[in-house]
Amino acid sequence: MIVVMEQDATADQIQHMAERIESLGLKSHVIHGTEHTVIAAIGEKREHMKESLESGAGVSKVVPIMAPYKIASREVKPEPTCVSVGSLSVGGGKLGVIAGPCSVESEEQLMECAHAVKAAGGTALRGGAFKPRTSPYSFQGLKEEGLKILAAAREETGLSIVTEVLATDDVDMVASYADVLQIGARNMQNYRLLEAVGNVDSAVLLKRGPSASMDELLLAAEYILNEGNQNVMLCERGIRTFEGHTRFTLPLASVTYLHHKTHLPIVIDPSHGTGHAYMVPDMAVAAAAIKTDGLIIEMHPRPDEAFSDGYQSLDFDMFNETMSRIKSMANNVGMTI
Amino acid sequence: MIVVMEQDATADQIQHMAERIESLGLKSHVIHGTEHTVIAAIGEKREHMKESLESGAGVSKVVPIMAPYKIASREVKPEPTCVSVGSLSVGGGKLGVIAGPCSVESEEQLMECAHAVKAAGGTALRGGAFKPRTSPYSFQGLKEEGLKILAAAREETGLSIVTEVLATDDVDMVASYADVLQIGARNMQNYRLLEAVGNVDSAVLLKRGPSASMDELLLAAEYILNEGNQNVMLCERGIRTFEGHTRFTLPLASVTYLHHKTHLPIVIDPSHGTGHAYMVPDMAVAAAAIKTDGLIIEMHPRPDEAFSDGYQSLDFDMFNETMSRIKSMANNVGMTI
Amino acid sequence: MIVVMEQDATADQIQHMAERIESLGLKSHVIHGTEHTVIAAIGEKREHMKESLESGAGVSKVVPIMAPYKIASREVKPEPTCVSVGSLSVGGGKLGVIAGPCSVESEEQLMECAHAVKAAGGTALRGGAFKPRTSPYSFQGLKEEGLKILAAAREETGLSIVTEVLATDDVDMVASYADVLQIGARNMQNYRLLEAVGNVDSAVLLKRGPSASMDELLLAAEYILNEGNQNVMLCERGIRTFEGHTRFTLPLASVTYLHHKTHLPIVIDPSHGTGHAYMVPDMAVAAAAIKTDGLIIEMHPRPDEAFSDGYQSLDFDMFNETMSRIKSMANNVGMTI
Amino acid sequence: MIVVMEQDATADQIQHMAERIESLGLKSHVIHGTEHTVIAAIGEKREHMKESLESGAGVSKVVPIMAPYKIASREVKPEPTCVSVGSLSVGGGKLGVIAGPCSVESEEQLMECAHAVKAAGGTALRGGAFKPRTSPYSFQGLKEEGLKILAAAREETGLSIVTEVLATDDVDMVASYADVLQIGARNMQNYRLLEAVGNVDSAVLLKRGPSASMDELLLAAEYILNEGNQNVMLCERGIRTFEGHTRFTLPLASVTYLHHKTHLPIVIDPSHGTGHAYMVPDMAVAAAAIKTDGLIIEMHPRPDEAFSDGYQSLDFDMFNETMSRIKSMANNVGMTI
């Protein structure tokens, strides 16, 4: 860390900070600049030190040098992680395509989707049984009944199942039906839930919160990894900005950035990332063009009758066409689905 | 709702939408404009209808007319709600001042704070026993031991206790020690937790998520109210924007807006809202000037030794001076603390 | 337009608004809903009407139905516009690749770049002669001397020249040397400048301001089109958000959205859109994968000696490799460079 | 500056950077940390060095230590600047209140406003003669005719005149009628215009761009100051964020921050900062409570007939009531109007 002192910091304040740095087990190194004095704090970083030093008398700011996460870091594990579970492989040259409806609405609806996903070449089936809804008056999901339908669809099609888990109490039950536990954007910093899914055998799909920084996302992953579960996929699903013509703003540079910083595989969600069905295919294809490790796409047999997210769901024709474009693009850039 | 059709929508599509609206129990009213046709859907709104209509063939967009929340709405209950619990009153002309350290670190540290808060005229004591931390390697709080210390401080000073609850499993335990359960910004859309605190007798302080819209905040409150607990305070603690010189951006217009839209009392958090101790007093005073119902302020006997958030915590001298300014301002605008 | 009245609007207020709408030459149509009354205003929209109606007594909000721009709209001109000037063609199936240094620094530096762009298959040369710099103490460009160097490079390589114009006074001079006048992000709403470039024969590359909405961008284009110049290219170069790991956030969904709404061609700027050289190739390729009409890329013979923007400039090896990927991608999706 | 090297930077790269730093006239100081090497660059900072160093091989990032602006800095001139021109004084304990209509629409309309401002105790009259409008089809102002009306209003009431200048060509003309030249948010980085108003005797009101950082605002001021004009007022008018219930987000912490960093006076614009007349009074009062140096408020005799911005304009009754609150607040905090 670099501790930047205020321009009018006194010699006493500077000495005091140097001593505090040493008392934290770091070495201090004072540099007198033309207008400001800075103190380099050398040693293995631990997170709470930054905060502690920042409140020191005469301190202007503290600049961290090292990334705050460890196990997730590419510096620690340079080779990419591939998460493989049943029909789904994500990472290390494999492009996983997860598709299905926002909500499991009925056995019939889900089975239609499962067969369509399978036929088009998707590698996993998504579907929400526990739905976190902005309004208490909206449809909240079929709950365990929905999980049973998902398991039946796996039985019939062989597709791995991805579904969201909302609460620590449900982790074991959801894990008993599903292959991949999704942590939704609203729960990205629900640390108890992260710890809970860090202690099961299922893979985890961790969605970025709409205002989370990349460091916050990687530290959320670190909560899971730190409990022992190494099968973690990161999902970029868009951030909240002033843009009004898309539901969220989808920064595809996240693929490039995360591939640079972490060995964990990256999944792009073009459905929430745009919020409009007509934009979904392009964003899926653009992500494939830069070797995203996975895609998660909402589709529905009849979007205009969907219980949730119909406006961003592809119908089967659009989905089939999108899968063709994705497969062609994967082929072009040397990925296998 | 107003359903706006695409410019090239066919007569069939328009008729189909009108029929769908009727099938949802609403009355439809078609208006042919110069370039677009719009259909007014008249009747009591239910949330999922908007989504359902939005995905219809030929639909450009759906414009909701009514607010999506009900119990929280000023239209339903025009008179302001005052949340009163022990020494703390928030709303209806009473300005509650909640202060204390970010984390409970030790009995000694908390007692120092409690006495300082009491002496300066604060009306409740805050302190975190369960700490949601961005990094798994940061201090996570003293947990139940911290709650016991908080209860002891209430015993000694008579101050009501405000503390965060992180998980449904902890709600009963935390409620057995504290007067006000805080739902942190990270958990604003942790709906299970909202439902859980909706079923206890304690008051609830609900913090706005850093990228939540006002409708989302009010719908989160609605989850709590809908379970029966009417003692809900809303807390504006800043939103995440591109601004780099403050930790978050604190929109004080939220006080004015929320007083317009809801009867629930509003609490401003200038500590998280700015992230710098030197900015906290001004933001507290500005909020008091426009009759915020409450303030929640971080302070610490020795900010540069704080386990967390030291950089935004006031020391006792700054806190005393800030309380003087707040009391003077409250007096000027006709509020009582 | 749809005028939504407040819940407690009086019959008088409703009638008054209906009359105001009629007095503006529109037809009014009153619809009484369960809780709110809305008034549809039917007829050709003119911008200031919305503002005028919005301030009426008892009005809650006014919802525009039609897009505020006209000449730029795809509804008015469905077929895509191709801007062609010398070696550069952008739009209608042609992918224009504009590349070169941020600033023209010397004849030698620019000629090196021009030959490298030409050799790698780029179709136009960019280079700043008038530089808008955040600080008055930064390098401000070689001005007319820079323009002469650019013209000499065109002479030698045949590449069309793209360069920024900062002020109305310079428009004629810059137009006498360059093929495409760039309006920078800082000047997107400098309406006098827009009008000035609307009155010359040169093509115009209009960059989106970092907090401009799409409607604002298209209305800025409308200022140029409205003066008579129809050779306008829109450039997405990233928006300002809370993201700290990229200089700006590059929303590639803008390609899809703009192709939907306007016939004008779209150019993506991955250099400013990310601010890091290592991210530029991926964003260029992703944009090509979804048929962007153009790309504008910063490169430099020795980025670490660049007078400006070195950190986001490709060196020649990276540029050559990026051009290979772009050409391959264009080929895959059926575009010609 | 602190140059942070990549973890895998070679000894050669480190030495090369140290030499580059020395070649720029700075002293270099290499510190080997546990995982990263950092190099302190000591000496007077010049802006383009940061960019130049950032693109060096093996460099991870460059952290500036000193503020990039000089003349505007409080470190250079600790005592606050008071801008005084005619009836208007802003800064140094004086609260200037500038009010008037968005646009000058007619002599009658402006005179009504001028008398109302004067009677209520405002200290300057605002009114737009040259209007920068998002749409080319909106009302663009009365131009010189509007300036003449403004000058006549000054003649009659003695109020100083504040009006916007859009283009370098108009600076002399506008300066011949007005006392304060306003640089609008859209032109904050129109550097030619900044230089032009830096060379006249009039005072300047510089509005923050909706996505400008504080450093960018202060560097824009630096362009004016650097030309010789020291009568510069900074205006916070809100930033663009995801918030949809206000037109912009008004961060009042800007007052506190700017008072900390610069000696220039700060003016708050609650009209654009909220976009709703009913929110304006509170934001004006809150700003006064923390000793803003100035306020600029839109008002209109009949807001629902205003040519522009009617929805955020106060009518005379609201304006009078707001002025009473502002005067009372100024009195409470020891400011004089």
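By written order: A, B, C and D. Residues from 1 in each chain.
As a convention for this text, a residue touches a chain if its C-beta (ideal position, glycine included) is under 8 Å from a C-beta of that chain, and two chains touch if they have at least 3 such contacts.
Here the structure is a predicted model, which is why all the values come from computation and not from measurement.
The chain pair with more C-beta contacts between its two chains, of A-B and A-D, is A-B. Set against the Cα centre of chain B, the chain with the most distant centre is C. Chain centres here are Cα averages; for chain A and chain B they lie 26 Å apart. Averaging C-alpha coordinates per chain places the centre of chain B 31 Å away from that of chain D.
Chain centres here are Cα means. That of chain A falls 39 Å from that of chain D. Residues of chain D found to touch two or more other chains are 211, 239-242, 244. Across the interface of their complex, chain D is touched by residues 211, 213-214, 239, 241-246, 249-253, 255-257, 260, 273-274, 278-279, 282-283, 285-290, 328-329, 332 of chain B.
Looking at the complex, you find that chain D touches chain C at residues 20, 46-48, 51-52, 54-57, 68-69, 132-139, 166-169, 186-187, 189-192, 209-211, 215-216, 219, 222-223, 226, 239-240, 277, 303-311, 313. Touching chain C in their complex are the following residues of chain B: 2, 4, 7, 29, 31-36, 38, 40, 42-44, 63, 65-66, 75, 240-242, 244.
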